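Mind having a look at this structure? Questions to follow.
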Amino acid sequence: MSDTKRLKEQILAISGVNPRKCMKCGKCSGACPAYDEMEYHPHQFVAMVEDGRIDQLLASDSLWMCLSCFACVERCPRQVEPAHLIEGVRLALIRQQNQNHLHAEDIPPKLNDALPQQAIVSAYRKYSK
Amino acid sequence: MQEAMIRRAKELLADGTVNRVLGWQRGEFVYDVTPAVFASPDELDASFVYNDFCGANLSKYLVAESRKEGKVLAFLKPCDTYSLNQLTAEHRVVRENIYAIGLPCEGKADVEALKAAGAAGITGIADGGDTFTVHTLYGDQTVAKADALAERCANCKSKQCVTYDELLGENGAVQNSHRFDMVEQLENMTADERYAFWQGELSRCIRCNACRNACPACTCEKCVFDNPQSGIANTAPADSFEEKLFHIIRAFHVAGRCTDCGECSRVCPQHIPLHLLNRKFIKDINELYGPYQAGADVAARGPLTDFTFEDCEPSVVHERGVN
Amino acid sequence: MKSLLLKDMDRLLAALAENRTLYVPTDGAGGAEYRLYQPGTPLSEALNTNRSAKDFFFPQTENMMRFQMRGKEIRIEEPTRPDEDFVVFGVRACDARSFELLDKVFLSEPVDSYYQNRRAHGVIVTRCCGRPEETCFCTAFGIDPTAPGGDVSTWQDDQRLYLAANTPAGQALLNGVAHLLTDAPETAADDAKAKTRAALANLPIQNLPLDGFGEENLLAIFNDPRWAELSRACLGCGTCTFVCPTCQCYDIKDFDTGHGIQRFRCWDSCMYSEFTRCAHGNPRVSQVERFRQRFMHKLVYFPANNQGDFSCVGCGRCLQKCPVSLNIVKVIKALGGEKA
Amino acid sequence: MQVNEKEFKPLIVAFCCNWCSYAGADLSGTNRLNYPANVKIIRVPCSCRVNPMFVLRAFQRGADGVILCGCHPGDCHYTTGNYYTRRRMTLLFSMLDYLGIERDRTRVEWVSAAEGAKFAATMNDFVATVTRLGENKRLEDLRCKKQ
Amino acid sequence: MQRIGVFVCWCGSNIAATVDVKQVAETLKSEPGVVFAADYQYMCSEAGQNLIKDAIRDHKLTGVVICSCSPRMHEATFRKTAAAAGLNPYMVEIANIREQCSWIHKDKAVATEKAIILGRAAIAKVHLNAPLTPGESPVTKRALVIGGGIAGIQTALDIAEAGFPVDIVEKQPTIGGKMAQLDKTFPTLDCAACILTPKMVDAAQHENIHIYAYSEVEEVKGFVGNFSVTIRKKARMVDPVKCTGCGLCTEKCPMKKVPNEFNLGMNNRSAIYIPFAQAVPKVATIDPAYCIKMKTGKCGLCSTVCEAGAIDYTQQDELVEEQYGAIVVATGYNPIKLDQFDEFAYAQSPDVITSLEFERLTNAAGPTAGTLLRPSDGKHPHTIVFVQCVGSRCDGGKGKSYCSKICCMYTAKHAMLTREKYPDTDVYVFYIDVRTPGKNFDEFYRRAVEEYGVHYIKGMVGKVAPQADGTLLVQGSDLIENRQLRLNADLVVLAAAIEPDASARPLATKLTASMDTNDFFTEAHPKLRPVESPTAGIFLSGACQGPKDIPETVSQASAAAAKVIGLLVKDKLKGNPCVAHSNEMMCNGCSSCEKVCPYGAITYVDKEFRMPDRTTAIRRVASVNPAVCQGCGACTVACPSGAMDLNGFSNSQIMAEVDAICK
């Protein structure tokens, strides 16, 4: 099994997402509030993971632009749950690096008022593991 | 009571209302009374008896008797009236040919209970109000009537006659009985304990068919167990499976129709508590489909020939707490 | 005559059980029954067991043979005959007498080899009745409960059990446990016998009118109109038959096990509507006829064929067990009087 | 003797109504959905045709589990058949349970003609459940055991 | 003893690849009673059938076991084969070794063993089979059509034209259904009313058609050829015979604030109303929920003004019972409720509407008299966004997993008509896929794009947000441009998924017709019997069976009519001989069977019998009407004595199968 394939399976296992359910309607991207900040958009995330173009994804800042607001999860008519997939890619990356970016206690000093609440909650969820 | 019954029977014979009387006949001892048909005042005087041991449910005899010429007078205890209603509902008796006299009942004694209390060689039993004085070959003995009651009477479901053409005495009421206590006790056992219990009980079965033949709900023209064409006919418990098959199927066939008269357990020569099988079905029916008493109402639809859209699923059995 | 202290009873039973399978009457949930001896379990003091002792020689069901089918071929397999020696301890005089009656049926030509085999392996130890009950009427058939018969007879007083062998098999049995027994005079059990005789004298059912059941009255009894009345309450169950020590009718059935046919025989009851059903139907179509058959057999046909021996031993089980209290005593009293 | 779960293959008798569940079983075949071969289907017109005698008969003859499949309540081809089945089998199963016979050996499942996947999943699950229970000992007929 | 022939089908490799068919035939040949066994590639082929026929004749077979595909597939075929060779067709049993064996098992040894066991079970059953002869029942030469939309109307007209009387039951006060609410129809853009209303009038005037408008089916009894249907004629409070449809009452009615369902609540009607001008029957109906007279007892104005004296406030629902030979279901569809789709702000903004509402907004008889105006302020919209697949192809609980089929075309129609009538509007269509199979359909869609300049955007709208200035901010993705679009629209039109009418489920229960999980009626065969329900005598017309456009609905309606006519021309129907029968000697007459019989097929008679004890007795015994019995078997289990048994599925047959399987 190639590394890419293994990585894809890892991401799918972490996220529980089946990208094949996607019918490429783009509703996720239509709903995404961070769309303009992204190089790759939610529907592309799904396609890229399915295609195995994961390195491209890992190298992109788009990964970190997702606010985990779950609008895409809520709107997706096929229950593909792109946000969960994005989360899976992030975790896969973190695991590759074999460490957390942050410790939970490191987060409070970094907070600022402009950060959306959802992002903070999401950060706690991710980094406190 | 016996005198009143004979008097009334003679009157009804005399005025032509009935041409015979279904009652009990005196036997060798106080307790071995036999259901019998009396056609004349002389016969009544000679051997008609009514005492604490007249436990047999006479309703079943009406299946045959009510199809004969003329009207038959039947003396029925409250239990027997439930059975008569059920038989009427199932068109097994011709109700118009029956003149039913409802009797009050305070429970019938079980001679086995007297024997269990130590009375061996019974030669006579004197009624002492709340007690029996038992004369035996080896001395007298006093037993409280309450201790000599048949199980079904100790857990009496109803002292109310539900169908009759005339009552002797006051009608009783439906009782708040504890008849399901033992069923509940069994339900609360583990499956292994229940299996051990029933294996012990049913293994005694000798397939004498007394339970079936005494049962007022078992009036089939031909029982499946007697019918070689049914594929399950058998006359002996050749394997322990056969005992279970017989008793499960019998209980199932009378489910929703059994009035809980208790004849099956009364007549079992092996003292198998067969009523606990029927009561299980009655309890389940009450709990799952709403209270139902077979025989209480001739017009009622039996629970197994009825349903609601909202009935529970069979998985309710699997979801029960105790295993 | 030998004797044994009652407190040593269990030692005796344990010793008997050492070499052979031992069955003793014990009390249980449904009443007294013969059960496999378990050390320490006391003997039942009940007068009689629910079921009679005939089961040991004529069990309710008994496998006779198997057929195996391979494709379209049929192979027959004989069953293995039980060959273990056993002792039945505590048989009452009535049941002991029933074996003699069954022998007349099964051991006369053609011999029933299944029964014969079980008979050959069984030793019967009888027990004198201490407290006969109101349902007892064995004396009406000439049975003396104080001489209970069997291979070994036993009597009992407050202290001791007395044993006397009646047959070589019985003697061999006692020899095997001789170390537990002490010698006693032949008169040692006389007090026990006297006590029993005194009780017997008070029994309510005695002096039954049996004289009228002679062969010469066969048709008169058969055609007696009172059968209808006597049988009216009969439910047609087989309780009387199945608890009776002398009822000997059986049916042979084939059971398809799915991988062969098991041929077995099982008790049948003349009370059943299917009894002796054959191609043309059933010869006895009503319960009156079935009821009559049972008592005609016991009281008329059997004695006619067996030197006047009635096929009833007066054990009283049918009096106790019939759901509607019909029984042979009522029939005898009604029909047994001297015929014209 | 220890029953080796891997070796033990329970025999399952499945009574399927002609209109829904038998068609559902066919559909699971059409869709090539696997379930163990020890499930054997008997076609009946309606689940209400199944007599408790048949259920007991199956156990007697060596079945380790018996499952009834019918149309969903309300969808019975004969309008009401499965409503009777529901009551009858509830009571029968309750009685078997009361006698101490493992209640997981019996099941009723509603499977429509469109539910091929459900049929296969149900059979797989039922076989697994009965496999865990092991051989039917409590409702067996020793005469019918293979010798 | 039967002489049984066993025929093992390879089904090409469908069976033979997984089951050793030779071994199956060989093994079954040694079963008791089997005198012939063979295998063949395709038993259902002519050669295969000839093999069976020859064997029946040559080996004097009395029973036949076919190990093949499901009996649901070819049981009828092989029964005919047997009959052709002179064997009673009910002496044939099928062992299903394809769907229930070869297709689900991979291991050849396992599948072969199972096939043998299934074969043995069939052999065991055939041993106990008895020749059966079907009974015959007469056919009531009259049809019932439930639903008076275009499907029901077309079916009724076709049946009536063939000379059979037809009744239409329509729950609304008028026939016409959804099509009456439409403005234009694709792909020809002819006016819906212009083509529908003549058909409505035809139906009303046809001598063979009777319309029960404002009526519902209450109860259905009986079976194919002999249905007895109770119809509830709901009280209109207006005598339909006297009413001339002049409409004076509707004008004078003081209660005018009733949401007009015909215009989807976008305007109001009076409490006494005629749904629309061309209603059939053109009879007024009082809406008791709003009528002042009905609610308070005061008013009665309509009664005063009605010159025909047609108003009757005391009218009650009336139940009529009619006999039919066939029933056609044409209950149609409805758009789903969109309340759950918050992202499209349907519940928040009046300017977010469904496509059906759009139809009414562009229809001359609609609330705006045909001028396209925004519901909120009555202004002309300049930017209109159409959103496709709202609730269709939706996997979650909110919508429907299926494609609603008609939305692509009507959206193209709406876009095109808008651009034609109002060239100054910008029209956007957000789509996932554009699905336009059908004659002249794709051309139609391309015209919208190419000639009318409709902006088709591949992508879905993610959010619609009402703005302070009264516009709607539509945010969606343009997947092809890979950008997120934000548009300020004046009107958003949602192509809501369609679902079966809510009345269909309870109706299906009454008809014992099966439905799929989406409440669409199931067809007897998805390809080969698409207009029949599996329940004999019940036929399907239109969208009750699945989403359909008008041409398809009309085709199916005529197809259903053809099937009905095919049934009604028969004088007698051969019944199913697998019916219950009572062994009178064992019957207790207890009525248990009668109580569980869904068809009322069991009656009781007092009969004289010679009893086993040689006496004569009059006994009450059950008697089954074989024409009415459908063979479910409920009675057989209700019967404690086992007197009731079922032909073809007898107690002994089923137990023999159990035994064979458990060997």
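Letters are used for the chains, namely A, B, C, D and E, taken in the order the chains are written, and counting of residues starts over at 1 for each.
By definition in this document, a contact is a pair of C-beta atoms (placed from the backbone, for glycine too) under 8 Å apart; a residue touches a chain by one contact, two chains touch by 3 or more.
For clarity, every value in this text was computed on a predicted model and none was experimentally measured.
K.L.:
Quickly list, by label, the chains bordering both chain B and chain C.
P.N.:
A chain counts here if it touches both chain B and chain C, which gives D, E.
K.L.:
If you average the CA coordinates per chain, which chain's centre is most distant from that of chain C?
P.N.:
The chain lying farthest from chain C is A.
K.L.:
Which chain is the middle one, judged by CA centres?
P.N.:
Per-chain C-alpha centroids ranked by distance to the global centroid put D first.
K.L.:
Of the pairs C-D and C-E, which shows more C-beta pairs in contact?
P.N.:
Of C-D and C-E, it is C-E that has more C-beta pairs in contact.
K.L.:
Report the inter-chain centroid distance for chain A and chain B in whole angstrom, where each centroid is the mean of the CA atoms.
P.N.:
Centre-to-centre distance between chain A and chain B: 74 Å.
K.L.:
How many angstrom between the C-alpha centroids of chain D and chain B?
P.N.:
About 36 Å, centre to centre.
K.L.:
Chain A to chain D: how many Å between their CA centres?
P.N.:
46
K.L.:
Between chain A and chain C, what is the separation of their C-alpha centroids in Å?
P.N.:
88
K.L.:
Going by the touch rule set out above, which residues of chain C reach two or more other chains?
P.N.:
255, 258-259, 273
K.L.:
Among the residues of chain D, pick out those that touch two or more other chains and give their numbers.
P.N.:
52-53, 57, 61-62, 74, 80, 84, 88, 141, 143-144
K.L.:
Could you run through all the chain pairs that touch each other?
P.N.:
A-E, B-C, B-D, B-E, C-D, C-E, D-E
K.L.:
Using the touch definition up top, name the residues of chain B that touch chain D in the complex.
P.N.:
Residue positions touching the partner: 183, 186-187, 191-199, 224, 231-232, 238-242, 244-245, 248-249, 251-252, 255, 277, 280-281, 284-285, 288-289, 303-309, 311-318, 320.
K.L.:
Which stretch or stretches of chain E touch chain D in the complex?
P.N.:
Touch residues, chain E against chain D: 70-73, 96, 98-101, 103-107, 110-111, 113-114, 117-118, 121, 508-509, 512, 514-517, 522, 534-535, 578, 596, 598-599, 630-634, 636-638, 646, 649, 651, 654-655, 657-659, 661-663.
K.L.:
What residues on chain B touch chain E, complex-wise?
P.N.:
Touch residues, chain B against chain E: 67, 90-92, 219-224, 227, 229-231, 253-254, 301-302, 304-306.
K.L.:
Which stretch or stretches of chain E touch chain A in the complex?
P.N.:
The contact residues of chain E facing chain A are 343, 389, 393-396, 399, 430, 432-433, 458-463, 475-479, 482, 484-485.
K.L.:
Within the complex, which stretch of chain D touches chain C?
P.N.:
Spelled out, the residues of chain D in touch with chain C are 61-62, 141, 143-144, 146-147.
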